[in-house]
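Two complexes come next, and they have one chain in common, subunit A, joined by subunit B in the first and subunit C in the second.
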Partner chain A sequence: MATPMLRWCCPGRRWIFAGIGGGSRHGRGVPTGSTSSGKRGQSSVAQQPLITAQKPRKGEREWAAVVGLEIHAQIASNSKLFSGSQVDFAAPPNSLVSFFDASLPGTLPVLNRRCVEAAVMTGLALDCHINRKSLFDRKHYFYADLPAGYQITQQRLPIAVNGSLAYSVCVGQRWSQMVTRTVGVKQIQLEQDSGKSLHDNLRSQTLIDLNRAGVGLLEVVLEPDMSCGEEAAAAIRELQLILQALGTSQANMAEGQLRVDANISVHHPGEPLGVRTEVKNLNSARFLAKAIDYEIQRQISELENGGKILNETRSFDYKLGCTVPMRDKEGKQDYRFMPEPNLPPLLLYDSGSLPTGADPQQVIDIDQLREQLPELPRVTREKLVRQYGMRPEHSFALLNEVGLLEFFQNVMKETRAEPKKVTSWVLNTFLGFLKQQNLAVSESPVTPSALAELLDLLDRKAISSSAAKQVFEELWRSKGKTPAQMVAEKQLELMQDAEALELLCRSTLETHPQVVTDVKKGNPRAINKLIGLVRRATLGRADPTVIKEVLERQLSS
Partner chain B sequence: MQEIYWGVISGTSQVWLGLWALAGGRRGFTSKAGPRVEAGASRRVLKGVGQILEPLALADFGSGGAVARPEKAIAFAYRLCAVATDRVGPVRSVLEDGCLCLRSDNVVEGNCAEELLQNSRRDVEEYFVAPPGRISWPKLDEKEPLSHC
Partner chain C sequence: MLKGYVPPYNATVVQKLLDQGALLMGKTNLDEFAMGSGSTDGIFGPVKNPWSYSKQYREKRKQKSHGENEDSDWLITGGSSGGSAAAVSAFTCFAALGSDTGGSTRNPAAHCGVVGLKPSYGLVSRHGLIPLVNSMDVPGTLTRCVDDAATVLGILAGHDPKDSTTIQDPVKPFTLPSLTDVSKLCIGIPKEYLTPALSSEVRSLWSKAANLFESEGAKVIEVSLPHTSYSIVCYHVLCTSEVASNMARFDGLEYGHRCDTDVSTEAMYAATRREGFNDVVRERILSGNFFLLKENYENYFVKAQKVRRLIARDFVNVFNSGVDVLLTPTTLSEAVPHTEFIREDNRTRSAQNDIFTQAVNMAGLPAVSVPMALSSQGLPIGLQFIGRAFCDQQLLTVAKWFEKRVQFPVIQLQELMDDCSSIFENEKLASVSLK
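Coming up: the complex of A and B.
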C-alpha cells in the first residue's frame, strides 16, 4: 500500500510538512526513540532548524493543527500551599508531611502568603487581569496519593485571567530569521500538588510518598493558539525563562517542577475544529515538540485513512516515541467540583483600595508587587540588542543557558574588546567547550577575568586568533596560570618587528621561485603555500593576514 | 453541622437538578404553590444518578437506608424552586464574608513520618502501602520506571 503524502502547515510560518513517506524532519516512517536520543548537544528543542517540504499537489488538502497547553509549575517556596511543612525535592519518604497533608481529621488549610505573591507576580508578568476576589474549590477523585480524596484548586474564579505570552520561533533555514508570536493565557490558578506513587511490581503493591502532597502549584492554561510542536516548545521555553527570572518557580522539567499536558486536534482550514485528544506525560523539554508533532501526524493519518479521532487521553511513550491511549475503563471522569468550605474568598488589593490600619502581613498589594517585578527575559534581550548592537538570536542564546549572561557581562566589564568579539567567543568557543564536557557555566574552569585578559591580548594584536584559541584550550585544561603567562611560556606573541618579517618574506620568496611563478601565473592557492612557509619560519608568531599583505606587496613590486 | 449538610446538598442536588433540568423538568415548576416532589420521583432519579455516583463518591446507593438521606436532601433542595431567585446569586459558601488569613512562608511542621505511618496498616521502608483497588486512569501517567502496568 502506498503511503499517502500527509501534509499540514503551521499557518503563521507558511510551512508545509510532509508526513510519513515524505521528506519531513521526522525522517521516514514513525519517529522512534533511537533517532532522537542519538543527538547530543541540543540544549533546547526550539533551536532545531526547520526543513521545508514541497508545495501541496493538486487535489491534496492542507491540514491545520490546533495545540493548547496546560502547564503545572511548582511554586518555589519554603513551605507548602496550605500547610507549614517543607518543600524539598529529595528527602526521606514521608518526612516532609504534616497532619494536614496526610489529611488527618481536624486539620484545616491555611494559605501561604508567598504562594499568593508568586501567583500575582506570574499573572502580572503575563499581562493578566488579576482578580481582586478569587475562590477555592474542591476537585474530587480517588487515588492513593491524594489522601483527602480531593484537590483544592481554583476552578470557578482563578486568581488571574486573560493574559498573553510572547515567544519567538525561527522561520526559514537559518536561526537568524526569527519572528515573535503570542499565545493567549486563559487563566492562572493556585492548586495543590499530589503525593507520589511508586509501583512495585515485584510485590504487586503501590508505595506512597506524601512529601509532594500539598506543595503549591501554579496552573497556567494557554489558549489553543499554537499550531505545531515547535511553537509549543518555544512558548514553554519562554515561560520557563519568565518563571525563573521572577523566582516564582525553578521550572526544571527534569525535576518535575514543570509539567505540561497538551490538547491537540486537526482540521482542514476553513472547516470546524476537530475532536481533540489530551496528551499527558510531556515532561521532557527535548521530546515535547516531537511528541506533539507525532500526535498531530497520527491524527492526520487516522483521518486520511477514514478513521475517527476519539476524545481520549493519551500518554507519550518515550521509548517507543509515540502516543498511546491510557486505559479508559471507567468512562468519563466527573470531578464533582464544589466550593472549598474551609476557605473564604481570597481578596487582593491595590494601592488605591488598601484597607486602612490593616496588618501588612495579611494584606497583598498588587501595585507593590508590580513595582518589585524583576526584569523579564524579553526586556533583558532588548537591552542587550540596544546596548551592544547584538543580533537578536545571540541575545536568545545568551539567555538560554543558566549563568551565561552573567558570564558574558562579567567579561564585558573587564575587557576592552568589542562586544561582537566577546559575544562570538562566549557563544562559540566558551559554550562549545562547556557543551562538549557537559558542564554548567558555574563549573567552568575558565573565569570571566581570564577570558577578558585573553581577549585584551587579542584586541591589542599581541597574539593571533589561532594562538588565542590555543591559549584558551590550555586555560581550560590547567588552572593557575594567566593567559599572559601562557603566552610568554609558549612564545606565542606575535612578531612586532616589521622589518624582520619583511626579511623573512623576501627570503622565502627567493628560496621558492617555483611557487612564486605559480602565484604570478594566477594560481589562487599558491599564495597560501607561501603564507604557510613564512608562518613556519616565524614559528607561528606572525599573523597570517599581515604575512599575506607583505607578500602581496613584495610580489607586485 | 450546617456546613456539612450544605456540602451534601450542593454535591448531590446539583447533579440531580442538572438531570432534572435536562429532562425538561424546569418548565413545569413556576412557583408559588410550594411544590412537593413525590418520593417516587426523587427515588427514580436517584437510581440513575446513583449508578454514576457510587464509584465516584464510594457511597452506597443500593440499600433503602442508604438512599433515605439523599432523598430527603433532594426534597429539601427542591423546595428552593418555590423561591423567586431572579438576579439573586446563590450562597456558595457560608464563609463568603469571612476573612482569609495568610500564613508566612516558614517551615513549622512535618518530620513526623513515624507518627503518621502508625496510621497505616502496612508500610514498607517508610512508604505507605496503598490499599488494593482500582487505580483510576487519570493518574496512570505518573509511573515511575519500576512499573509496567
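Coming up: the complex of A and C.
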C-alpha cells in the first residue's frame, strides 16, 4: 500500500519529496513562478496544493486537505473580562477569584474596557470590519472548571468579522524562497476563559483552580484556507507576532496564553468537502504542524482503505506523534445558546458617530484606537528590507526572536560596519551562541555596544574575521573587558607592516621549494599551504587575503 | 440547595438601606427560588397570612363556621414574596424587600393588605438578587403606605456600576406631592383584563375605583392591550429558559449543598441538583432546557421574544395615546385557604394568578398594588396601577391619591396579641399599638 505523499506544498523541512511518479496529474491550484529567490514573494496562492500517491494506482485520485484554525489568545489585561479580580498566571491556586468568578448567586458581569480595546485593536490589525454593535451570549455546558454552568461568549454577533492574515512560508529548499499567503479571518470574539482542572487519578479526585476562570480571551477564527501543517504553523507564528506587537496578548503557547484547535478534512478536488475532525489543545507551533499533517495522512489512509471519517474531536499525543480520539466527548453537545441578559449590546463609536458630550471613560472610539496602533511586524520587516537592503528571510529571522530586533538596532546605532555584516553576525554568530546555551536575548553576556565595537575593529581591518570570532567567544565567556582590550591582550591585531610581511613571505618561499614547485605546476591547493605557513609565522596576525596577494605577486615575478 | 450558605457580600439594595441607618431585622420566607404564587413551596414551610388571625376575618368566619379548629384553615399570603408581605402586614417591621418577576411582590401585597411596589426595570440594582429571570426581575418593596414606598424607592433607585442593566441617569430621593386635582389625569382600563375567572367582588371593586377617579374629574377610558392573551405562554417560555440557565451554577461544587457521591463529577452534580431543588424548580429547568435546544430555539425562545416585544409595544401604544396610568386588578380574588390552594400544582396556580401582573414584567414597567377594601369575608383586596417606564414618581403620586380616598382599614390583630400574651406570660412581646 503506497503511502500518499505530498507532491509539493510543504517541501524541504518536513517532507520527503516523492518522485513525481508517472501518471500524476497537475491540477488546479499549483502555483508557478513564485519560487524565484530574491523576490519578496508577493504571489498570493490559490488554495489546496495537491497530494498524490507515490505510485498512483488505477482509479486512484488526488487529495486536497483543508485546514481551519480556532485560536484562543489570553488578553493581556490587569483584570478579568467581567470581574475585577486580577490576572496573574503564577498566583497560588484560587487566590484570584472574585464572587462573580466563583458564580456566587446574585453576582453580575461588568465588561472590562481594556479587553474591548484589545479586541478592537486586534481586529484593526487583521483588517477586520469592526461591528459597531455586538452581543454577548451564554454557552451552556456542565464542567467542573466552569462555575456558572455557562460561558459568556459572542456567538450571534461578534466584535469583529471578515479580516485577513498574511503570512509567509518557504516553498523551496532554501530559506530564501518565501511566499506570502493569506488566510481569511472569519471573526474575532470576546469570551471568558475557564478555570483549570487537575486530575489526581491516584486519589480519584479532581482539583479545581479558578484563578483562570473569567480571564478575557480573544477567539480568532481562521477560515479553512490553509492546506497543511506548515501553513498553519506559519499563520500562527505571524498572529503571535502581531498580538505581541499590539500588546493585546503575550501569546506564549507554552504558557497557555495561546491555544489552537485545528479543523481538518480531506477531499478530492472538485468534490464537496469531507467530514472534518477537530484536533484540540495544541500548545506549540511545532506540534501543531505535526498534528495537522498526521491527521491529514490518517484521514487519507482511512478513506483510501474504504473507511469513514467521524466528525469527532481528537487530541495530539506528543509522545506517539499521532492524534487520538478524546474520550470525554459523547455525542454532540447542544450548548443551548441564549443571549446574556445582564449585558446590554456593546456599542462602539468612531469619530463620526461619537455622541457629543459623551464621557470618554464610557465610550470607545475606533478611529482613535486605529491611530494609536503600534507598528505591525509586516511593516517592521518591510522597513528593514528597505532601510538596510536586508534579505526578506533575514527580516523574518530578526523578528522571530524576542528582543533580537532591538539588539540589532542598537548595534547598528553604534557601529560603522555595513548592515549586511551586522545582520550576518547577529543572525549567525550571536544567535548561534544564544541557542547553544538556550539563552534569551535579554540574558546575553555580550552587549550591543560590545558587538558594535568589535564590528568596528573588523571594519577597519584592524583584525581578521577569525580573530574577531575569537574575541567574540572571549566576550561571551568573560565580562569586564572591551573588545579593544582583548585584542591588545591577545595580540590579535592584524599585521600592518607591509615590509615585514614581504620579508616573511619571501623567506617562506625560500624555505619551502617543493611547495613552490607544486604551485608552479598548477596545484591550486598548494598555495593554501604556503598561506598557512606564512600565517603561522605571523602568529595569525596577517590577513590571509593579503598574504595570498603578496605570495602570488612574489611567485609570479 | 443553598443550605448552610452564608453570602459573603450584601446586595446593593440591602447595603443602601444599611447605609441610611436601617436595621436589618431578619430574612423572610418565600417560595423556593421565588418560583410560585402562594409562598407555599419553601423548605421552611408555607407562609401564613396574618389576616387569617385578624378580627375582621374571624368575625366573618364565626358567622359561617361552627366550632372548627380556627387554625386549620389558615390563608395563604400569595407569593412568591409572601414572607415579606406577612411581616409588613403584621407590623413586624417598617418595610420589607421582595422580588418581582411576574408579580411576586404585588400578589402577596394584595392578599396581605399592604402596598407592593415593582419599580421600573433598570431603576433599582439587581446586584445581589438571586436571579430568576434576569431580564424581568426587579427588587420590590412592601410597605404599609404609599409614602413609605416612595421613601424606600428614593433610597434604592439609581445607577449601580455592578449592575450593567441599571440606567445611568442620576436619581434623587423624593417626596410625593399630595395630589388634589386629578382632572388632568387619564386612567386606562384594559379591556382584556376583564376575564371570567375574575371574582365578582374584585370586579365590582375595580369598577368602583374607576368611578371614583371619574367622579373626581379624571378621564377614565377603556383601552386595549391586544396581545394580553399570549402573555402567559410567552412568559412561561422565557421564564423557564432563563431559569434553566441561571440555575446551572448550582452544582454543589463551590458553595451550598453538596451530595456525598464520589463516583464522578457528573454523578455528584446530578445527585446534588436532585436533592437540592424541589419539584417546581426542577420542572422549570427541564422545560427551559427544552426550549433552548438548538432545534427548538427559533420556534420557542425567539418566537417568545418577538411576542414579548409585541406585548411591550401594546403598553407603549396605550401610553402614547394619552393615558397616564392603567388601573387593573392585582389578583383574581382575595386570599384563599391553604388547603384549597394546594389542590392545584404550582405551575397551574402561577399561570392562573400571574395573569394581571406578569405582562408588566415583560414590558419592564413600574406597577404598584394598593389595598382598597375588605372582601365580604373580611380579607384584603388590592388593585394595581401601572405607569410609564421610569415614571415611578408619577405612578406613586396617583397611588397615594387613591390610597387617601379609599381609607383601607388597619388589620386588627389585638385578639391574637392577647391570646399570645396569655400563653407567653414571661416573655416580652414587642408591643404595637393598634387602634
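Quick note on the criterion: the second predicted complex is superposed on the first by the 495 of 557 C-alpha atoms of A that agree within 3 Å, B and C clash if a C-alpha of one lies under 4 Å from a C-alpha of the other, contacts with A are read in each partner's own complex, and residues count from 1 in each chain.
The rule is simple: a contact is a pair of C-beta atoms (placed from the backbone, for glycine too) under 8 Å apart; a residue touches a chain by one contact, two chains touch by 3 or more.
Note that the coordinates shown come from a computational prediction; the quantities given were computed from them, not determined experimentally.
In the superposition on chain A, no contact is made by A:Thr180 with either subunit B or subunit C. In the superposition on chain A, A:Thr206 makes contact with both subunit B and subunit C.
Applying the stated contact rule after C-alpha superposition, one finds that A:Arg336 touches each of subunit B and subunit C.
Using the contact criterion defined above for the overlaid structures, shared-chain residue A:Thr545 touches neither subunit B nor subunit C, since it reaches no partner. Contacts of A:Tyr150 after superposition on the shared chain: subunit C is touched, whereas subunit B is not. Of the two partner chains, subunit C is the only one touched by A:Thr107; subunit B is not.
In the superposition on chain A, contact is made by A:Pro344 with both subunit B and subunit C.
Of the two partners subunit B and subunit C, more residues of subunit A are touched by B. In the superposition on chain A, A:Asn281 makes contact with subunit B only, not with subunit C. In the superposition on chain A, the residues of subunit A touched by subunit B in one structure and by subunit C in the other are 99, 102, 104, 110-111, 140, 142-144, 205-206, 208, 334, 336, 338, 341-344.
For subunit A in complex with subunit C, the residues that touch the partner chain are 99, 102-111, 138, 140, 142-144, 147-150, 204-206, 208, 334, 336-338, 341-344.
The residues of subunit A lying in touch with subunit B in their complex are 77-79, 83-86, 92-99, 101-102, 104, 110-116, 135, 140-145, 194, 196-201, 205-210, 280-281, 313, 315, 326-330, 333-334, 336, 338-347, 361-362, 364. Contacts from subunit B toward subunit A in the complex involve residues 3, 6-7, 10-11, 14-15, 52, 55-58, 92-113, 116-117, 119, 124-132, 134-144, 146-149.
Every residue of subunit C that touches subunit A in the complex is listed here, in rising order: 2, 7-9, 11, 126-131, 133-135, 161-165, 241-242, 244-245, 247-251, 253-255, 262, 265-266, 269, 289, 292-294, 297, 301.
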